[in-house]
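Just below sit the structures, each encoded as structure tokens.
Below, subunit A partners subunit B and then partners subunit C, in two separate complexes.
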Partner chain A sequence: MNIMERLKKAWWILPAVILGIIPLIFKEKSAYVSGILIFAGIYIILAVGLDLLMGYAGQISVGHASFFAIGAYSSAILTVKYGISPLLAMFFGMFLSGLIAWIIGRPVLALKEYYLAMATLAFNEIVITLIIEIEWLTGGASGLKNIPSFSLFGFTMKNNLHYYYFVWFVVFLVVAMTIAIVKSPMGRTLIAIHSDEVAARTFGINSTKYKTGIFVLVNVFASVAGSLYAHYMGFIAPDDFGVSTSVNMLVMLFLGGFGTIYGPAIGALFLKILPELTYFFQDYELLINGVILIIVLVFMPKGMYGIFVAMKRKIGFSRE
Partner chain B sequence: MNMDKNGIILKIENISKRFEGVHALDGVSFSVKKGQIKALIGPNGAGKTTMLNVISGLVPPDKGNIYFKDNDITGQPPNIIASLGMGRTFQLIRLFTINEATVMDNLLIGASLTLKPGILKSIFLSGRVKRQETKLKDKALEILNFVGLSGKEGVLPSALSFGNQRLVELARALMMDPKMLVLDEPASGLNDMEVENFKGLLLSLKDRGITMLIVEHNMKLVMDIADDIVVLDFGKKLAEGSPKEVCANPEVIAAYLGTKDKNGDGVLCSK
Partner chain C sequence: MGEYSHLFQFFFSGITTGSIYALIAVSLVIVYRVSQLICFSQGEFFVFGALFMATLISKGVSLPLAFVISLFGSMAMGGFLQWLLIRRIQGSSIGNLIVMTIAIFLALRGLALIIWGRESYVVRPFTESQPITFMGASLQLQVFWIAGITVFVLLLIWFFFEKTMLGLAMRACAENPLGASLMGISVNRAAFFAWAWGAAIGAIAGMTICPLLFTQYTSGVMPMVKGFIAMSIGGLSSIMGSVIAGLMLGLVESYTIGLISSKFSDAIVFTLLILVLLIRPSGLFNSQR
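And then the complex of A and B:
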């Protein structure tokens, strides 16, 4: 293994160090800053998963918030109503999400393109409608409050800093797993299915199995993000998980760079930090978001990550 | 039934397929012997590509049976049929191009049956997967060298000429160590020199023991390499036999009369 490869393997060290010392730099403002970065982290988990599903496997989802909701509500209901420990509740949410994804994955992923988009959109609406209607369990439209803080082996997360380090630990875990997948033959298999499913099958690739498998995995990721969100917020409502949230994730994907994994992570980070920077123009927030998205899509079709790659090539850092 | 004893690798029995009232295939039967090159010819719309799609599992037949290496593969999905050792190439090139997939990526996807990719495997057994991949990369380089594309492994398929893309398709199919190759018009779009080159490759694959079923319009190529020919017309088998027998068959001549091949020669078996 040469130095370049070793460096590539250690991709996570630099961002980990930066993120680790950020709270120290901001001192008295660290609660505020880490609060923003907690949200960013949760959305990175969602966006990276969605990129694995869409950018790699080529399976469109306009309803990625549905499993975000299932995870969040599993955690909230089990801890608030049944007094189950947050960690167990999170695992239950992951299991439930995986199971539901596995059951609906086969019929839904048999659909292609627009039809698949419509089906995932419809599923998002179904989940939200169910949450609103099953009021005795979910609190209906007014939501669930008093969700206890997350606790891990007797340690309860009391402040933003605790959540900050925990959420970002999960973010690194999810990104590392995703990178391992896309760099392996599994990633290539997804590319093959994305490119030409029929041709892929003639090489022995059981496309249904792989599509379902990746659908289960990314929705388990989304479920974890939901659990983290519920415990950090302490209060959740159906509005947090609607189609507009799903569309937001899509924006992160295209803004950051579709099919690059790191790109959507950058996109999520950017979109969650931006409103804080443009705080004074609050009334124009949506307008600013829209303009940025249009500029990126027109001038940088490969997203923000595409700029990094281009810069790396210019300096001659890349091996290609 | 023991096909192995008779040296038969693929047996087509009474296959019929209808598309919205059109008989694409109507009771077609033939078999392919182990190690031979069998050609499937016929005028446009005769049902040749449909036949290949039925064999490789892309289209289920309405009636009839298909046996490959003593397995009944009728109606089986393409991935199962591939796993038994059947590789194929397409009439219109179908290389994998998403996310800047290179020629090497395409070849490694061709080796999916050996690599057996998996989600958990890629996370927890990455070391073992890497070693296996390294071996397959060497094999891919060998195959690229064989088809005459040395040094092109890092290139995007779109940067290659049409003829070279066809060679990548062949190389990709070879990555799965096929017992039998099903080739759909491999020479279409190639110039004379490229056809000659392709012919040499197919003959040396035959020497390596790979059975081939080939649909082709280029009659010169067919006559040069085929051991056996099946002629289809309007979904029915018109004739079957050696190139000589088929050329002399009056029905075949009648079916081809007035039709012209790609070069405008208008003759089936020119001398």
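And then the complex of A and C:
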């Protein structure tokens, strides 16, 4: 193994370093910049998880925001109403999300394509309705206020910088885990299920077990993102977790590049930074998002990651 | 009598919303049958039809003329979108096509926001008169317009698909695209007409309910979702099934709001959907599994 190959293997250090020094570059504006990047980070966790579920396991979800909501509300309710420590509340949210995902995963994932899309969308609506209606616990439509800051082993996160480094640490963890899964035999099993479930079953793969397993894992990721979101915002309302949020995640997925893990991360980053660049267009944001997505679908179906790969190949860094 | 008049009231409001759900479901089914695609942007035609008609009326155009102009405008828009966008990515994965309709949904919604802003619009009822009382329930005359127009549209669809050459050609494309194209039927053109029809029916739903519902740029989502539900319960490709399912959905919703709780009605409806999907994934009214 020569030095070039070793460098290639360690390429991830470069984005890590860049992200690490971004707050230092933007000195006086760093609170603002890191604020945007915290949101982007939270959405990367969601989008990468969704890609594992849709891009690899081939299970459509139009309700990914539901477990984002369950995580956020677990953290918020436990810390605000019962004074439990944020870390413990986050673990409880992960456990609860995993449990619910495990219970509904088996029957729901037996559905295919449009039916699965409908069922996940319906589940998202049910979660939102329940949050709005169980007012004594969740604060109803007006939401929950005064969620305490996240604290870790006695260290309380007071400002954007603390959250920035913590959220992006979690992002790296989640992406690394996802990549490890994709490259493991389990990743190949998922791809097999995706391309032909009947064939996969014929080869003795227990597809139900794998699909449910990945569904649980992905929703635990979403729950973590929800906890981070709740503590960073300090305020959550049901509107943050509706079907439109789920649709936004789909847009990130396809904008970045379906089934590539890094692609959706780029898509999430782009879609969270874009409104900041076009803030003087405000009302035009929806239209711009729609048009960008249309252009991507028509002219570059592999998404932004696809362009990146094509460029890399042209410059000659490809493996062949 | 007092008890029963409530039940009648719920029945009529159920039929009203149910007709709207049925129309949206039918517009989805038509697109689905010809191009095996569920169009997530269908609710936007509902909004465009209603808001365009409201604007025309406020500019002094008479109601029937505004209705017709808005109808053909939406029809042209549906066909144009199919020609401009869907045709281009025909043949790519089903996921891409779904996301394309989501993109169209975002773009149209954004366009509606720019044109009409965040205000809500309402138009005058098609015939202006006092609500009439029937069996103790008070009824807006618009309810009869909605039911009548729904029946008329359904008859028209039946006639189109059963009796006209173009309708038969579109059905052939739905059954077997390759076979149809070998017989000299342009599958693309069939899809074009399906989108135009779908958009027109979606717009009709929006325009007929507009006197009873404050419509704004975000109003398209709920009818679309309910239309999907009706379509799924009806078995995706059955027009009759989705009409029955749409009416049932309206009734279930109206009675749960009236008798159980207005709060949980959506949760109950969605739970019903998941149950139906789990028990009979191919829909309640689909004979072939």
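To be clear about the criterion, the second predicted complex is superposed on the first by the 309 of 320 C-alpha atoms of A that agree within 3 Å, B and C clash if a C-alpha of one lies under 4 Å from a C-alpha of the other, contacts with A are read in each partner's own complex, and residues count from 1 in each chain.
Everything that follows uses one rule, which is that a contact is a pair of C-beta atoms (placed from the backbone, for glycine too) under 8 Å apart; a residue touches a chain by one contact, two chains touch by 3 or more.
These figures come from a predicted structure and were not determined experimentally.
Student: Overlaying the two complexes on subunit A, which is it for subunit B and subunit C: clash or fit?
Tutor: fit
Student: Quick one: name whichever of subunit B and subunit C touches more residues of subunit A.
Tutor: Of subunit B and subunit C, more residues of subunit A lie in contact with C.
Student: Could you read off the angle at the CA centre of subunit A, spanning the centres of subunit B and subunit C, to the nearest 10°?
Tutor: Once the structures are overlaid on A, subunit A sees subunit B and subunit C at 80 degrees.
Student: A:V108 in the overlay: touching subunit B, subunit C, both, or neither? Say first, second, both or neither.
Tutor: second
Student: With the two complexes superposed on chain A, say which partner A:E133 touches: subunit B (first), subunit C (second), both, or neither.
Tutor: Once the two structures are laid over each other on A, A:E133 reaches subunit C alone.
Student: Let me test your reading of the model: by the given contact rule, A:S207 touches which partner, first (subunit B), second (subunit C), both or neither?
Tutor: first
Student: Contact-wise, after the overlay, does A:Y284 reach subunit B, subunit C, both or neither (first, second, both, neither)?
Tutor: second
Student: When the two structures are overlaid on chain A, which partner does A:A122 contact: first (subunit B), second (subunit C), both, or neither?
Tutor: Once the two structures are laid over each other on A, A:A122 reaches subunit C alone.
Student: After superposition on the shared chain, which partner residues are touched by A:I315: those of subunit B (first), subunit C (second), both, or neither?
Tutor: In the superposed model, A:I315 contacts neither subunit B nor subunit C.
Student: Quick one: classify A:D196 as touching subunit B (first), subunit C (second), both or neither.
Tutor: Once the two structures are laid over each other on A, A:D196 reaches subunit B alone.
Student: What is the contact status of A:I181 with respect to subunit B (first) and subunit C (second): first, second, both, or neither?
Tutor: Only subunit B; A:I181 stays clear of subunit C.
Student: Taking the superposition as given, tell me the minimum C-alpha spacing from subunit B to subunit C, whole angstrom.
Tutor: 10
Student: Which stretch or stretches of subunit A touch subunit B in the complex?
Tutor: 55-56, 58, 177, 180-181, 183-189, 191-192, 194-196, 198-207, 210, 213-214, 217, 259, 320
Student: In their shared complex, at which residues does subunit C touch subunit A?
Tutor: Against subunit A, the touching part of subunit C is residues 38, 85, 88-89, 92, 94-96, 98-100, 102-111, 113-114, 117, 221, 225, 228-229, 232, 236, 263-264, 266-267, 270-271, 273-274, 277-278, 281.
Student: Could you pull out which subunit A residues touch subunit C in their complex?
Tutor: My answer: residues 54, 60, 107-108, 110-115, 117-119, 121-123, 125-126, 129-130, 132-133, 243-244, 247, 250-251, 254, 258, 283-291, 293-294, 297-298, 301.
Student: Given the complex with subunit A, which residues does subunit B contribute to the contact?
Tutor: 56-58, 77-79, 82-83, 87-88, 90, 94-99, 101, 105, 108-110, 112-113, 115, 117-119, 121-123, 126, 129, 133, 154, 172, 176
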